[in-house]
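We just call them A, B and C in the order they show up, numbering each chain from 1.
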Amino acid sequence: MKNVGPSGQLSRFVAVAAILVGVGAAMRAWESVAWARPRLRLQDDFLASARANGQGLSVAALGGFGSALADLAWVRASVAWENSDRFATTKALHLSVALDPGVLFFWVNGARILCYDVARWRIEAAGPSGSVPVSVRARVVEEQAQEALEFLRRAERVHPGCSLLSIEAAQIHLHARRNLDQATDAFRRAAECPDAPHFVARIYAELLRRQGKLREAHRSLTIHYRSLVENGARAPIKTVGAPLTEGPYRIDRAIDPIMVDIVRRRITEIARELEVSDINRVE
Amino acid sequence: MSPAIELTAVTHDFAAGLGSHRVRAVDGLTLSIGRGEVFGLLGPNGSGKSTTLKILLGLLSPTAGEANVMGFRSGTDCARQQLGFVPEAPYFYRHLTARELVRFYARLCGVPRSQRERRIEAVLREVGLLPAADRRIATYSKGMLQRAGLAQAIVHDPAVVILDEPSAGLDAEGVDVLAAALRSFRQAGKTVVITSHLLPQIESWCDRIGVLKNGRLVFSGDVSAIVQVRTSYAILRESLSGEEQSEVEAWMTTRTRAWERVETRRGCLPAVYDEMLNERSARERGER
Amino acid sequence: MNRDRWLQCSCAKIWILASHVWIEGVRQRLLAGFYLLFLVLLVSSLGLRQWHFGSSELKFLADFGFAAISFFGSILTVVASVHFFFGELEHRTLLTLLAKPVSKSEFIVGKWLGVFLLMGAFCAIASVSLAGLTLARASELFARGDSALEAVASIETKQVLLVGLFQWLKFGVLAALVLLVATYARTALFALAVSFLLLAVCHLQFLIRDAYVGVEFVPLRWVARGCGVLLPNFQLFAVGEEVTGGNPITAAMTLHATFYGVGYTVAILFTAAFSFRGRDVG
């Protein structure tokens, strides 16, 4: 006799729930294997964003849509940027890094916007061209530079050891703040990163030279030259559809003979300035 | 040889709302339908006719008792293979044509590929749907839907055909098609079970009937035998004056005491309706 | 095939039911409608080129595309599963169908397979469209020559198709879950509401588990544990961000996810069939 009443339905429901629990328990072991890598990314994003601005829960909750929403926020920032809307731009770019802190593009370009574009808008808002006192301009530029540097420090918590962020910070010190000391230090830190582009070492050496630190410049460039020669000069790899091999961001680290030659000539120039005549030691 | 349909003390209870309250739709029904019979299942609304059919079709399981179709337990694939079902108010997939619909059911019932198209063509011709076979069912009238229902029910040549209120909503022509189909089922030796509220149709179509009330079988028997018991004779005359009526009554009384009454029999709409249609058709033929 | 063998052949009947669902889905333009929505979103993302994002534009395209596949695909899966189940109930075609030698289990599995095939077509067409678009745009960017800091590395076609495969696996589990809900639900609206709720919970299941498994309030802890065990983890299939983040999907990941998806689908379908067998459809 079949029990079709409410008690029958309840027992059916309980049986179904029991089966699902059994399946879930059986699949747990397999799930932990399949879940390992996606979990890592979500956890990183979660932790990073939680550290960054306390919105980690919402980031993780969005799951697969976080990236798309972050991109939309960036598009909004771009629209606001075109309209020179300082507040909307700043708000949107903070939102995009909160939603997807893993995208370096947002951090790097966001820092540039904060440092250069926002400074210009503030100066323009302060008065017609030429009428704004130099001290006011300098103060605005310094404030925006500091805001951008703070932005990059937040980025470094998410992307520790990323040379692009150090390069950007270095550029801000050099061009916005015109602080050669701090720019040199920033380029040094960038050059020490394992994924640093090769030109960073040349810039670092050049900044040392400008500060009159010729020996240091020569030494650092020589070390760099030796590493280029050891790794071997090879043709650049630039093909559409090539798999991503350099981590989450793209850096041109292809070495070609022309670059090696440039570095050698630079070393020669510095050596001449140092009155070092033995080129063979370098070679 | 087992009967076509055998119900033994079948009971079915429906749960009604929360708690343990139940509604007994079928109560200890015992019924046997022989092979090749046309059986009418009658009863007022809520008497358990539809529930009984659903038990036979395997759509419901009996709470108690046993139901068998052609010797197989109802609800099994073997039993369903023997059954064809024409539902009440048939509704079919609107996005299919009649041919596609019948083909779909033919495939599900295992009609062999080599015979399938021939069989589809044959049943569609039998129910008069061949001209419209490649039109979408969404464009069909109610009568055409009923024919599609007949076609899908018999495409796999079942031994038993069950029709639930088959003439509901049909026009006279549709009823004629249905009657013709039932005749061909009978000729083919199929067992037919019909439920209907239209007693004249049941009388003309069925060999035996069963009457349900409150889920119980209150009567089961041969139609002609039942009707014969109640048969009376009538002499019909187009007109009868009062004086003539008195003379007839006096004469009847002298011949026998077992006469009932003299009454005026009104014309009936079905007969007048048929006459109207026949006259119109004749006029149209004359005009042409 | 003789009648007796036919009676045994569930696979053939399931295939017939599935192909019936496919035909209905195609003729009712369900598939076409959702693909059109997806295409509109994808084409509108071409407007991004006005901002000259460089090669990051490819990431944007891929992100939008993957999100669209997930979003529209999830909606289509839920709506289609509910429609193909409740359509039969509401129009009473289920009675005619189950009066044939078709069991309720075959009915459930056949419906699921039909929806799964429809979703496979959607994922295939959508991911091929997305791969084609990103490849075309990458070629344009490459020819233009981009910023000195970035080599143009396109989103690999194979990776895009793999993301489509992962989503298809997810939709298979989701369709089975929706059918399980439908076997209990009395109305299509209820089934839809509960299904969408389950979709959200399955996406957040890992968060509930991680956030609440250590709380002191014991009932909440058990609810969190229950969620983690009772429901599949859909986040596992959301690998689009892995690809755009520069971490390609590996063969091992694909195998693990496939096993997880297939395992859960089979289990939930079995449960749905068991549940439906106990339901009176008269």
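Keep this in mind: a contact is a pair of C-beta atoms (placed from the backbone, for glycine too) under 8 Å apart; a residue touches a chain by one contact, two chains touch by 3 or more.
This one's a predicted model, so the numbers in the text were calculated from it and none came from an experiment.
Asker: Just grab the chain with the largest centre-to-centre distance to chain B, centres being mean Cα coordinates.
Answerer: The chain farthest from chain B, judged by C-alpha centres, is A.
Asker: Could you tell me which chain's Cα centre is nearest to the average position of every protein Cα atom shown?
Answerer: C
Asker: Roughly how far is chain A from chain B, centre to centre by C-alpha average, rounded to an integer in Å?
Answerer: 79
Asker: Quick check: how many Å separate the C-alpha centres of chain B and chain C?
Answerer: Comparing mean C-alpha positions, chain C is 46 Å from chain B.
Asker: Report the inter-centroid distance (CA atoms only) between chain A and chain C in whole Å.
Answerer: Going by mean C-alpha positions, chain A sits 34 Å from chain C.
Asker: Of all residues in chain B, which are in touch with two or more distinct other chains?
Answerer: 14, 61
Asker: Please list all residues of chain A that touch 2 or more other chains.
Answerer: Residue numbers touching two or more other chains: 4, 8.
Asker: Residues touching two or more other chains, restricted to chain C: which are they?
Answerer: 280
Asker: Quick one: which bits of chain A touch chain C in the complex? Just the residue numbers, please.
Answerer: 4, 8-9, 12-13, 15-17, 19-21, 23-25, 27-28, 30-31, 33-35, 37-39, 41-42, 57, 60-61, 63-68, 70-71, 74-75, 78, 100, 102-103, 105, 164, 197, 237-238, 240-244, 246-252, 254
Asker: Hey, which residues of chain C end up touching chain B in the complex?
Answerer: On the chain C side, the touching residues are 1-3, 6-7, 9, 13, 16-17, 20, 23-24, 27-28, 91-93, 95-103, 280-282.
Asker: Give the list of chain B residues in touch with chain C in this complex.
Answerer: Residue positions touching the partner: 14, 50-51, 54, 57-61, 77-78, 80-81, 83, 85, 87, 89-93, 95-96, 104-105, 107-110, 112, 149, 152.
Asker: Tell me, which parts of chain C touch chain A in their complex?
Answerer: It comes out as residues 48, 51, 53, 55-56, 59-60, 63-64, 66-67, 70-71, 135, 138-139, 142, 148-154, 156-157, 180, 184, 203-204, 206-207, 211, 226, 228-236, 238-242, 244-248, 253, 256-257, 259-260, 263-264, 267-268, 270-271, 274-275, 278, 280.
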